Amino acid sequence: MILIAVKIAILCMSIAILGLIYRLIKGPSMPDRVVALDAIGINLVAIVALVSIFLDTNAFLEVILLLGILSFIGTVAFSKYLEKGVALERDRDL
Amino acid sequence: MEIVMAFVIGILFMSATYLMLSKSLLRIIIGTGLLSHGAHLLILTMGGLKRGTVPLLGEEASSYTDPIPQALILTAIVISFGVTAFFLVLAYRAYKELGTDNTERLRGNEGND
Amino acid sequence: MSLLHLAIISPFLLAIFIPILYKLFRNIHTGWFVLPLPILLFSYFLSFISITSTHKTITESVPWIPAIGVDFIAKVDGLGLLFALLITGIGSLVVLYSIYYLSKDKEKLNTFYVYLLLFMGAMLGVVLSDNLIVLYTFWEFTSFSSFLLIGYWYDREKSRYGAQKSMLITVLGGLSMLGGIILLYIMTGTFNISEIIAQAAGITENPLFIPALICILLGAFTKSAQFPFHIWLPDAMEAPTPVSAYLHSATMVKAGIYLVARMTPVFASEGLWVWLIAGFGIATLFWGSFNAVRQTDLKAILAFSTISQLGMIMSLLGLGAAALHFDDVKNSFYGAATLAAVFHLFNHATFKGSLFMVVGIVDHETGTRDIRKLGGLMNFMPITFTLAIIGTFSMAGLPPFNGFLSKEMFFTGMIRVLELDIFNFETWGMLFPVIAWIASVFTFIYSMVLVFKTFTGKYQPEKLEKKPHEAPMGMLISPIVLASLVIIIGFFPNILANSILSPALESILPNNNIDVHISFWHGFKPELFMTIGVIALGILLFLTLPKWKRVYDFFPKKLTLNRLYDNGLELIQRASNKLTKTYMNGSIRTYLVYIFAFFIFILATTIAVKNAFIFDTSNISSIGFYEVLLALAIVIGSISILFVNSRMTAIILLGAVGYTVSLFYVLFRAPDLALTQLVIETISVALFLLCFYHLPKKRNEERNRFKLTNAIISIGVGAIVTVIALSAHSNKVFDSISEYYVENTYTEAAGKNMVNVILVDFRGFDTLFEITVLTIAALGIFAMIKLRMGGKKKNENK
Amino acid sequence: MKTNDLILQTTTKVVLFIIILFSFHIFFAGHYTPGGGFVGGLLTSGAIILLMLAFDMKTVSQILPVNYIYMAATGLLFAGGTAAGALFFNVPLLTHAFGHVDLPILGDTALHTATIFDLGVFLVVVGVTMTIIQTIGEDE
Amino acid sequence: MKEMINFLILPLLIPFLTGILLIFFAKNVVIQRWIAAISALFNVVIAFLLVQKVRNDGIQTLDVSSWQAPFGITLVSDMLSALLVLTTTIIAFTSIIYSFRSIGVEREKYFYYPALNFLIVGVIGAFTTGDIFNLFVFFEVLLMASYVLLVLGGTKIQLRETIKYILVNVISSALFVIAVAYLYSVVGTLNMAHISVRLDDLGQSGIITVIAVLFLIVFGLKGGIFPLYFWLPGSYYAPPAPVMALFGALLTKVGVYAIMRTYTLFFIHDTGYTHQLLMILTIITIVVGVIGAIAFSDIKKIIIYNIIVAIGVILFGVSVMTPDSLAGSVFYLIHDMVIKAALFLLIGIMIAITGTSDLRKISGLIRRYPGLGWTFFIAALVLAGIPPFSGFVGKVLIVKGGFESEQFLGAGIVLASSLLVLFSIMKIFINGFWGTPQDYKGETNVPVRKLLIAPVILVTISVLYGAGSEIIFPYISQAAETLANPSVYIEAVLKEW
Amino acid sequence: MNVIEIFKIIIVALILIGAFLSLVAAFGVIRLPDVYTRNHAASKAATLGVLAVLLGTFLYFYMKEGQVNSRVILGIVFIFVTSPVAGHLISRAAYNSGVKLWDKSVQDDLKLKEATQAKKGK
């Protein structure tokens, strides 16, 4: 039963990601793309979680948190880049 | 699955080659990225796919996936990351210094006469 | 290391000290330090006559590289001794002469004498080594010391030209000879000449025999300036005159003759040997003498004369080799030709040596060697004139000088050619005496030109740089010694014949009974009439020279061998440059196209030829839906990168492909890989963005145009990779060694994550250097950004 | 335009802990579960990058006054030293030793020279990543 | 003292630790120089002892991490690798002392010496490892170090050529990885001796031939054989002289070594195809190399194309596969490493003096710099294989092997190439050293005498190497024996197999 | 029906809810008119969806292994904390980099505020 649910869920997630990819490519503005990327990252987290149920192993649970972290850092970086032109500021007081 | 993977890898290599043959440095570096993805997937495929479980002992499984290709890929990933990073910075510097990212303008043939 | 070896290398040893002596004793002419050595060596070698004249040889061996059959075997036999005496004897005279010829204030005497000593040692080594590799070693040394001596006045363009030419041609021959030597080794299993000779009978049928013969002859011909390789010799006259006297007439050019003589017992059984040597020799004889007549430079005349005389000796040696074909009666016939060769070899060294020195004196005292400027010097330098007369008359073959004797013997040999019944000599062999006679006429003419145009005729002081006067005594000693030898041997040839020539003959034609008696008067035989004819026609032609000199204009200047050499060299260089430039165009794309094209071509060929494409589906895993989905994602992602124009999109697509790959790792049960790939991909994408955000907007013309070649090549690469992957997978024959890790990871390495344990333990060595790679990359990136040596930003960053 | 990033900065302080905790976990557990020095190092540098994003490079270099190149070199020295340590015992290079120790809180723990090796990897990775980021970030 | 089992790793470990240490002293150039020079010299001694040890005790192996072969990584020092390691250390030492006066303080401060040491680590590692994937890792170490050395200084030409160089090497690395993957798929192991055993069991199958060709492409790209060498002349042209020397002497030779190793250890079952192919390629390599060498009047280019010629000659010997030709190849390989380094260092001095590498702008150097001139002259003779210098014996053996196996064309071309090599190199001597002396801008501040030390050491070694061939020869033939007889190697590695 | 069955039903429910929410979020991102609304959909719905899935996963492994898996908890907490911040940052970046609001938006508070501040400043 769980497996069927997982399969359905993965399918849903995949469709969701495909839709987000559409947004990612289409844009139109850069923030749109970032939104899509962020959402893809989050969805990937879900997919990995589902896959580990599917494969019945807890080996991939590290991947979940990692993806979350990366997606967050990525989003932050992108936002800052869009807002200020550079991602890493040398000295904010200047 | 291995057959499918072989084709996927072939396509990765094809795209990589095509990109590396173009003029723009960025596309070339993207090509090298694809190339290393292809190579890594190939190691995995050549080791045999989906035989047994994750190579973590204690998974109570009768057989495990061949861990060697994974270890090799890990090493290869890290190395290609180092090279890619270097290449990127080089491209950046070259652009600043030479004012172009077009390799056709980077010919240069000192001493060729 | 025996005394003999020491004798051979003593010039090298002395050469080491010459620069020091030169520095220490600046006011003493360095030549004085050199002179004792050749004299000492000469007297040392004289002591061997008593041994060789009883047909014994002395062999001393010092191991060099015995592992490959190379030992420094010094062997003194008749032939070697003859040459050794020439080298040291003439060497002594030349050194003495050079002391007066070269000014100690103006010239770089240290280098000069080092070269000269190197040459002397090398030459001794050539003639006294029994091992072919050692011989070859010394052989190349003579080439290089000659190169250095010709280029002695290196700021002259012509010196450099001549040096390069002589080096290229003689080294060409040397390499060919090396090839021949190796072929001989393959046939006989030894490099030692004596052992090869012992096996000579057994190898004639070997298919390598003829190639070896030709290779070795090529070496000899180039060294001895045989037609058409003679072109280097006239240009070698750029060397100081003592050098020309020593190397380019008396000794080095005879190394080729030595080699032919030395190898005669090995090769002479083959008829090809006879006619190749005789044929090339006679051609050279003619060509040299014919061209000598047109020269206006005294040294050039002598150079062509040397070529021609070398040809003569060569042709005699060739004919003499026929002796090994026949029974006793005819044997002595041809043996006599060999005797003539050896005899003339010696004579040539004497008269040509003295003539060179004479020319040197003229040059030294008048400042020119151009016969158009010279004339009437007889009154200013009577001794020199006398010496010149002796030398030239001997060269022209006039009695009572030694040249007459050997010339007569030469004619005898040429007439006997007709009786030779190998290679159809009886039909076209007639050419030999005819050419020989014509060449002798020319020889007579240029000899006369040499002496009479210089010393008689009108004195033209306005064309000379200096006021001519007789040379200092020191300078005259050496030519006087040589001229006296010319006369003495002319009258008493048999002293030489019995003591030195006969043992030499024995080495060339072993086990032959040859009458070595040289007589002055043969009776009224064809030879005598030939000589008389030469003199008569020669005088006639000499007197009418200006009238028929235009004959030479018939030879188009563009077709000379020199032109061929010059243009050939130029053409090779230019063609190479053009060729290399066409494919080395500096564009990395082109290079990659070559490389990939080769990759596709050779692998496709191999797969086809070896039937390597095997497709076996028995060993594959199932295909899952999600995997196909991911595969599609990768395919779509990677292909769409090709067609997008925006940089940002391309980078993001690359990232997407990378993430998909990491999902593959998840599906294919590789958690560590998935983790790493994810992080790495993220950082890579970030780096891509960091490094490329500053690029300006693309211009339209830089849009990615589709290129068919690129497409074909990329599809080829992809196809090859796929095909090999399929067949490699279908060929899984062995089990992986992974079982061991499963068993030992926990018990032996105390870990459960096999991949990680492999990384830090089983294959920790890989990891250690993998992180080294990373560190180096970081160092490089840091240095690349911070250190800017060539650019405009140089000042900003310091 | 100047903006303050108060929300980001506050969150960062919290999140940073989670990341660093996680990266240590991944680093130490590498021998048993997926992870290891490599990923751990990358995560730690991720944390530092997050700091740089939330604040600025100067502030971060004040908080963490580390020369990252030296850090990488130190890591390499650790790893290389673990490898070369075998020389003193005359066993083949890189031979690891391990033992089990009962520690008060953590319980039965495997003490492992491989961990030192992995620590080297960790340091190198952090050092290298940060060197790259810092150098590029400081340029222009 | 008990026998030191880690001995064979020392030549690798010393530059490795030195390299790390030098990073910490980046700012202090003087200390860097001292450390680098002393450690390099020490390493020469160690490498020499290693050669002696291999001579006395046979092949040395070390199972890193104590995992028995083929499961861990095994390092193997047979005579070939020990000799190459020794040569490498010598070249490293000379390059380092040459760098003191030529490379410039700026580069020295930016990790020149660490990168150089890591390059040596990579090279020595590649020579020593007995594991095919570990070979890849060491290739990457040396490549990465070479990228750094190539680009260090950041001049326009350096940046430009580094891009090309990296691109080619990234491709070759990727191909290396896939080649290893294919091989692993078939034989399921990575230890080279073990691969050899398994391939032996397998016999020759078509796929193995394909993989052999793929490996040839991979190593050929590094080694610069036809038609894979195109990147080489441009890239080697860019860096300063000591780096050029290291590249010319070491980098290509690693590729050559790898071909030697794999083509004598693994791929020996279909020599009719693989080695024939190699032979054809090497012959063409010699020809194009020679053509390139005489095509240009730029001294760097001349020497660079001579590298290609030498690679052709060495690999021709390998392709012939007779004991003689293999010994010749080994002999010639070592000779070429030393003399190429010497030549690059010498022309480095010429360029420093004259400020140009265009031969048409140089003349008459020998008047003011006789030492330089004569060293160059001898080096030229050595390069051309004139006896008794070192190129000769190797060439004779290669040609002999070629003739013996009736490869007359190839052996003849090897022989003939000497002439054109001599021509190309003598062109430098005749035009650059002879001729009318000129005044050059660099003359006042170039410490010619101090710079000459390094090339003089190398040339002396070359000369002794040739003249003392008898002393060297047992070593060479031991190396060649292992190559001709893979079982020796296999037994040494897989003891109880 | 024992505990395990109940667990299973809860897990299935969580997973399916999560999947549905994610789908909705994706739908929103595609269909909504401007970046702010899309961001809204993504950060709210997607986060909730993922949290549900993760909770399901956590329960699954809890059920299976009988012990708390700290990593999943940590993951849940992490996403819970960061997701809103990420959403906020994107919106702000979009606004500050000048991405236009949907033309049917009725109110722009920030603009209003700035305008008033500007007035006050005068």
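Going by the order they are written in, the chains are A, B, C, D, E and F; count residues from 1 in each one.
Methods note: a contact is a pair of C-beta atoms (placed from the backbone, for glycine too) under 8 Å apart; a residue touches a chain by one contact, two chains touch by 3 or more.
Which chain is which protein? Per UniProt: A = Na(+)/H(+) antiporter subunit F1; B = Cation:proton antiporter.
Everything quoted here is computed from the prediction, not taken from an experiment.
S.K.: Using the touch definition from the top, list the chains contacting both subunit D and subunit E.
M.R.: B, C
S.K.: Keeping to the contact definition above, tell me which chains border both subunit C and subunit F.
M.R.: Neighbours common to subunit C and subunit F are A, D.
S.K.: Looking at C-alpha means, what's the farthest chain from subunit D?
M.R.: Taking each chain's C-alpha mean as its centre, the farthest from subunit D is C.
S.K.: Name whichever of A-B and A-D has more C-beta pairs touching across its two chains.
M.R.: A-D
S.K.: What is the identifier of the chain with the smallest separation between its Cα mean and the overall Cα mean?
M.R.: E
S.K.: Please report how many Å separate the Cα centroid of subunit A from that of subunit C, as a whole number.
M.R.: 71
S.K.: Between subunit B (Cation:proton antiporter) and subunit D, what distance separates the C-alpha centroids? Give it in angstrom.
M.R.: Averaging C-alpha atoms per chain gives centres 25 Å apart.
S.K.: How many Å are there between the centre of subunit B (Cation:proton antiporter) and the centre of subunit C, using C-alpha atoms for each centre?
M.R.: Their C-alpha centroids are separated by 49 Å.
S.K.: Determine the centre-to-centre distance between subunit C and subunit E, using the mean Cα coordinates as centres, and give it in whole Å.
M.R.: 26
S.K.: Which residues does subunit D have that touch at least 2 chains other than itself?
M.R.: Answer for subunit D, listing residues that touch two or more other chains: 3, 8, 15, 18, 22, 26, 32-35, 38-39, 43, 46, 69, 72-73, 76, 80, 83, 93-94, 96, 128, 132, 135-138.
S.K.: Can you pull out the residues of subunit E that are in contact with at least two other chains?
M.R.: Residue numbers touching two or more other chains: 16, 23, 64-65, 133, 137, 140, 144, 147, 151, 154, 156-157, 163-164, 167, 171, 178, 181-182, 184-185, 190, 234, 296.
S.K.: Do you know which subunit C residues sit against two or more other chains?
M.R.: Only 577, 580-581, 584, 586, 588, 592, 669, 671-672, 674-676, 679-680, 683, 687, 690-691, 694, 721, 725, 728-729, 732, 736-738, 741, 751-753, 755, 759, 761-767, 770-777, 779-782, 784-786, 788, 790-791 qualify.
S.K.: Which two-chain combinations qualify as touching?
M.R.: Pairwise, the chains that meet the contact rule are A-B, A-C, A-D, A-F, B-C, B-D, B-E, C-D, C-E, D-E, D-F.
S.K.: Please output the residues of subunit A touching subunit F within their complex, sorted ascending.
M.R.: Spelled out, the residues of subunit A in touch with subunit F are 1-2, 5-6, 8-10, 12-13, 15-17, 19-20, 22-23, 29-32, 34-36, 38-39, 42-43, 45-46, 49-50, 52-53, 56, 58, 61-62, 64-65, 68-69, 71-72, 75-76, 78-80, 82-83.
S.K.: Report the residues of subunit F in contact with subunit A in the complex, numbered from low to high.
M.R.: 8, 11-12, 15-16, 18-20, 22-23, 25-27, 29-30, 35, 38-39, 42-43, 46-47, 49-50, 53-54, 56-57, 60-61, 64-65, 69, 71-72, 74-75, 78-79, 82-83, 85-87, 89-94, 96-97, 99
S.K.: Which bits of subunit D are touching subunit E when the two form their complex?
M.R.: Its residues touching subunit E are 69-70, 72-73, 76-77, 80, 83-84, 86-87, 90-96.
S.K.: So in the complex, the part of subunit B (Cation:proton antiporter) that touches subunit D is made up of which residues?
M.R.: Within the complex, subunit B (Cation:proton antiporter) touches subunit D at residues 56, 58, 74, 78, 82, 85, 89, 92.
S.K.: Please name which positions on subunit C make contact with subunit D in the complex.
M.R.: Going by the criterion above, the answer is residues 671-672, 674-676, 679-680, 683, 687, 690-691, 694, 749-753, 755-757, 759-761, 764-765, 767-768, 771-772, 774-775, 777-779, 781-782, 785-786.
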